[in-house]
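Take a look at the structure set out below.
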Amino acid sequence: MSLLADPKAAFADLTRPERWVLGVSVAFMLFLLGALLTGALGPTYFLFLVGLAGMYALLSFGLNAQWGFTGLINFSVAAFFGIGAYGSALMTAESSPIAGGFNPLVGLVVALVVALVLALLIGIPTLRLRADYLAIASLGLAEVVRLVVLNERWLTNGSAGVRGIPSFFKGWPVLSTFPETMPGLRLVVIPGSPIILGTSFWEALLNVLLVLTFAGVTFLMLRRAHQSPWGRVLRTIRSDEDLARALGKNTYSFKMQSFILGSLIMALAGVFYTHLNLYVGPGDLDPITTFYAWVAVILGGSGSNRGALFGGIVIVTIREGTRFLNDFAIPIDPAPMRLLLIGIVIVAVMRYRPQGVLPPQRELIWPSAVDGGGTTETPDSGVREQKGGGGDE
Amino acid sequence: MVAMSEGALPKEDAVLRVDDLQKSFGGLAATDHATFAVERGTITGLIGPNGAGKSTLFNLISGFYEPDGGTVEVNGTDVTGMEPYEVAEHGLIRTFQTPRKLEGMTVREAMLVGPRNQPGESFVKLFATPGAVSESESANLADAERILEDFEIDHLATQPATDISGGQMKLVELARAMLAEPEVLLLDEPVAGVNPTLAKKLKDQIRRLNEQGTTFLLIEHDMEFVMDLADPIVVLDQGSVLTEGTPDGVRSDDRVIEAYLGGGT
Amino acid sequence: MTVLGYLANGLVFSSIIVLGSIGLSLVYSIADFANFAHGDTMTIGAYTALVTFGAVGGLGGAVLGLPYGFFLALVVGIAVAAVVAVGTEKLIYEPLDVDSIGLLITSIGIAFIYRAVIQIRFGSDFTRFGIQSLRPIETLIPYGVRVTLHDVAIVASAVVLVAGLHVLLQYTDLGRKMRAMADNPDLARVSGIRTKRVKLWTWVIGAGLAGAGGVFLGLFNQLSPRMGFNLLLIIFAAVILGGIGSVYGAMAGGFLIGMITQLTPFFSNVVEALPIGQGWLATLLENLITLEYANAIAFVIMVVVLLVRPNGIAGEGAT
Amino acid sequence: LSTTDDGDDGSDGDDGSDGDDGSDGDDGSDGDDSTETYEIGMVDSQTGSLSSFGERNQRGVELALQHVNDIGIGGRELEISVEDSESENQGGIAAAQKLVNQDGVPFLIGAVGSGVSLAIYESVVEGSDVVQLSQNSTGLELTNFPGLLRMSPSGLSQANALADLIAEDGYDEVALTYVNNDYGQSLADAFVDAWEGDLAYENSHDGDQSSYSGVISEMDSSDAEAWLFITYQAEFATMVNEVFSSGYEAQFYGADSVSGDDVLENTPEGSMNGMKIVVPSAPVEEENYQSFASAFEDEYDRTPTSWAAYAYDCVINAALAIQAADEFTGEALQDTVRRVSGPDGEEVTSFEAASEILVDGGGPDDVDYQGVSGPIDFDENGDPIGFLQVQEVQDHDYEGIDFIEG
Amino acid sequence: MSDDTTRPEEATDGAGPVLSLSGVDSGYGEVQVLDDCSVRLDPGEIVCLVGPNGAGKSTVLKTAFGMLTPWTGTVEYHGRDIGGMAPEEIVREGIGYVPQTDNVFGSLTIDENLRMGGVARDGGLEEVIETLYDRFPIIDEKRGSKAKTLSGGQRQVLAFARALVMEPDVLLIDEPSAGLAPNTADDVFEDVQEVNDMDTAILMVEQNVTKGLGISDRGYVLDQGTVRFEGTPEELLNDEEVSQLYLGG
């Protein structure tokens, strides 16, 4: 199964859609690399985009751990994201109305703890009840959290937002001054279009390393947790909770674990966001973030971690890639055009998406226990004589 | 409180005891002062007309319904009002009459949910003791594959669990419950819709497990199957125990013939 | 303002919410997904009426302070909203092979497309129907009720539409067929229900009512490309409160949510008047039950109601 | 590989990806070194809750580009890459990231909302030498960021003027409602500080709501006779209609953000009569504004809003800064951007006139561009010197009745 | 059931089969289940399909009823090709179907379930429903209850009754006796026969082979998607191999 040891076999192991995605991804990477080298793509901007992609990937990991694994419908992604962002910002920023000035690591911990408390607060009453309760309550929670952040100025600075947030590495040895100490570089790959790497580049680079660490650790953890008896119970709950109960699983506890795990990951995305943008405001709790997280998870494939990663990248491509639309002269107002394009891309991907990214291909069995390597010869997603669900015999 | 004394047999070592259990839906008393016990080591049959309250009784015992009155004891512990998973912890597992479909899982994955107390079900242990997780997982997988073979559905192991025939679903349901290795196994119509040839084999399986110590309480309308396998047999009618006895005794009971068996058998 | 006044305001706003929530609920149960483009369908209705009204103008007489032309525009708005929804179903949703969450995501895309098209055509500024605003009805002012004839027209038209729907569902098999389909689409076909047709009717009714709601929203307030979308969250709350999938539940839920959001000032007066004393609780309540939190209050009430009545106020599956 | 000194490649390094919305130029830049255009960036609210402001801005931008490119900047054209902020911080930052780090613009106009402007400044601009000039942000907080310029005057003077005005009109009680964002809140705060009478009612409202009947009924029950609205046009129009159809009576006051043709068009005749609004304006150069207004009307068939005027001035100011600078870099522009419109030099009222001086060998200090929105003259905090005009609604139209010096 | 509703076509020709599948391949998605499968139903017959679990019995019914489109081969009804016609149209042609699982509308009442069974009827709905209530007292008692509250057996009866509302010419039934108490199962088999006596041809899948074949005119043994044996009930029951492999004998 090791990719390095035997890339050919690993490739052969992939399903058709997986290969498709891999192919497209590789092509996309090469394209980006080319653009970077020729100077068509600014390296700092590119790193910013990578950071954003990492952030969306984290958000979709979180939502995937709830919806994809367990079928928990959480409509307050933005709230947990905001809690993470605000938690960290309020602890670290100079202008924080309550604390401020702490090391970002303290901010990280506080953000996670607050997210945990909030997750418990909403999980305890709703997770015992029917599945849609969480959906409903979280819809309300998102609005309540947003309004509290907006209106309680003594706590959050209200609509003014929190400013003066340090970089995540502030106070760390070496890293805190790394961007300033690095010399500005000027690379010339193609004569005439030099690539300039200044302080902002090095800052962006640090951010990217940070998000890669966050996302990488999360990914590895989720992968192990998912392809395991634990993940299996979650999926059983997702498709038939009563069955899981009959088999002696404490479904309430499992649901709570999954909900908390996901919420913490979302908060982590928020923490990263805070130190990426160095400013948070109530607008960051806008439900649109929840929208995009859902889009990412669904496009990537519910229940699949790689899918969530893929979805995060797709979202950035959709949101930021469409800005390049501006570079073409069109007779219509570009802004609604971009909205239109985002809409069309979402619809098109749902229509022509690589089918296989969707259902998680791996069986949820501890990898080393399965001799055959774990790939299943499942036929392309089941029968659906009529769309709209419920049609399986 | 009326009918049960008549047929009730003395039980020294009851692994499951149902006492004066009641449940009504609206005006309908689906379980009406039902009292009986299941002796350890037996295969006890539970029969009765459609709508007699057999499945309701299973739901009450296993903690899916909250009884309106009465108690349920498993292994000497009062489990009345407990959550299903707590009842399961006391060693009782049940199957469903309508097989449950596990969307997005293969047949063998769906089977692997069965075993209880897997170390890998603890999030912490996944990271703390991956070795133990791996070991138990391999063992469970081997068990699952063996049992699928016994049930003649090993070729379906990696099929999506939803894309199988109605009878095959019943088989998976049964096989999964067996993997849980409970002390008491409640089966709700395990062979309804199962081909007779295969049903025969299942009978042997159940018998073998029983010899290894599992106690069974099974609902079944296939007379040949129950009469052959179960002893004693409890007859339920309109929510309460009509009578209890040996297959032959029950078969020749006029009330049972009238309410249940009909003229044909 | 008196309680009566708040209730009257609530009634007007509720009428609009009700029109929106019925369609959302219908589509939810029949097409099996939460349609995020529903709000923008309302917008389509409103802008269609705007164009129509601009073209036909006054058309002679007027009822309830509204020229005949407005009612024509209303009908056209309803029709176009329905046609657009049916077209979207045929072109986009029907050929898709995804589950209900997939449809939900698709509908987000559709919502963006609707909105973008409206914004391209009409710009992002707000506008109003060219209908003279009215002063409140004098005779009602002594009771603290300040509503105009237009408000009366909104409520009356909503009542007519809802009553029409009621008759349709009650005296034809359509309602039952819809429920059968929502329950088990395959078995519905096996029973001989032409499910595609039922689905189209669902879209026609749902989107038509949404279109009407949009037109009234435009009359009540103003038109802007985001008008429908801004209302969507509240409409969702209404649908959930009513019990998902139930038409009459959606009506009740829409009514309640509309009322609650409009009654917040009244609640805050009540809280202030209550003899809770000076404790922290009083302070907390006074701080929280304010207009800023109106939407949050609506959501909290929704959650509380659901805890008492888990299947929504109409109960599960009741049509 | 060498250490940077930033060279002179200020504009874009990327081939063929010059945005050209707004301008009508068909200048696909030809690759290696774009000598033909100066590209600057603009972050605007093209979608989202403030998109109507963005739309108004764009009209001003287009007009300004015409006026600039009719003449040219030393033979080159000015080009503006406009990116959408979606009226949100996230979008604004991403937009600025693209403009600054991808397109490499040295001059950034942006943004509308005060929160977004600050977010962009803190996360993208601060620490670089890019010039940021906000077109519409009036939030008080911006004053604390001298590096962040803005074209619209701080709300502080407006708030003070409003407080004075209401007091002078003889009211000692006022009901205040403001939109719940950085703009509304900071202006309201400033007003509350300045207001010495009673505040019978003070509350915020969310933007984009379908009804504000709760707000106005609470204002009515506060019994104050003077009502002050610090909100946006769409919200205000809704409120006016609701006041009208509820039959309430009050003396209205408003911040500049509530005035505009849209409001007039969408409110009933007589519903706002006597309302007083304090708006920034260009008092000394009435004819300057008039010619802008007539050009604007020719182009768009409507009277300009102050939002269009701000955006217009941003572009002209940027163009002049570029023309006056030795090179097209952030560093150089930082130096000239304040000076071309600063108090020193000859007062001119159009790009054409200012450009002439520069072409004739004048330096940045020889020009004092007087904007259509005011004399500009950025102070040390990057705020323009604002002149305020008091307008009164008469016969459903705005009439200037008084000037106040900021 | 009532004579005046008999359809003209089927009353006239007694010659060809009412329903026939010839050389049908069919399956789900890309998974083939039926392999060159041919099944025929003559007028007035009861035919029973038996075979192991997963043999494709239900698939035969679904293909005949338009739930699945045959990949190759034909499905003919009174000599007309109906392969691939939508189920809701096939119902109107006079074929009824009782699925094996998910065969009632859980959230509708018993009464509404029966009404749904008759949406394609032109009239006489009330009378038919009353007749059915008379025939199945087990559901009569529960007219107003939601179907999801029914016991397994009661559900089965309701599903059967639902299909009868249309008074079809041909009835496809998937395991009518599964989950039924012996006496109720006997009743249902009697009903099947009764329905058959009124000129309705019946194609039925049964695992209760003795009783199922007992009331049938002919039987097919299906295995792995193909017909392995065909014959009269006696032939099948007495065949050593068939009995051993498939009938549990």
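Lettered A, B, C, D and E in written order, each chain numbered from 1.
Quick note on the criterion: a residue touches a chain if its C-beta (ideal position, glycine included) is under 8 Å from a C-beta of that chain, and two chains touch if they have at least 3 such contacts.
This structure is a prediction, so every number in the text was calculated from the model and none was measured.
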Among all the other chains, which ones are in touch with both subunit A and subunit D? C
Farthest-lying chain, centroid of Cα atoms versus that of subunit A: E
CA centroids of subunit A and subunit C: separation to the nearest Å works out as 33
Centroid from C-alpha atoms only, then distance subunit B to subunit C, rounded to Å. What do you get? 49
In whole angstrom, how far does the Cα centroid of subunit D sit from the Cα centroid of subunit E? 75
Check: subunit D positions touching at least 2 other chains come out as 46-47, 51, 54, 180, 204
Give me the residue numbers in subunit E that touch at least two other chains, ranges are fine. 28, 31, 58, 67, 101
In subunit A, residues with contacts to at least two other chains: 150-151, 333, 335-336, 339, 379, 382-383, 385, 393
Can you name the residues of subunit A that touch subunit B in the complex? 221, 224-225, 228-230, 232-233, 235-236, 238-240, 242-252, 257, 261, 303, 359-360, 363-366, 368-370, 376-379, 382-383, 392
Can you list the residues on subunit A that touch subunit C in the complex? 67, 125, 129-130, 132-133, 136-137, 139-140, 143-144, 147, 150-151, 287, 291, 294-295, 298-299, 302, 332-333, 335-337, 339-340, 342-347, 350-351, 384-391, 393
Going by the contact rule at the top, pick out the subunit C residues touching subunit A in the complex. 31-32, 92, 94-106, 108-113, 115-117, 119-120, 123-124, 184-186, 189, 195, 233, 236-237, 240, 244, 292-293, 295-296, 299-300, 302-303, 306-307, 310
If you look only at subunit E, which of its residues touch subunit C in the complex? 65, 67, 86-88, 91-92, 97, 99, 102-108, 112, 115-117, 119-120, 146, 162, 166
Give the list of subunit C residues in touch with subunit D in this complex. 1, 5-6, 9, 13, 16, 119, 123-128, 132-136, 141, 146-148, 150-151, 217, 220-222, 224-227, 230-231, 261-262, 264-265, 290-292, 294-295
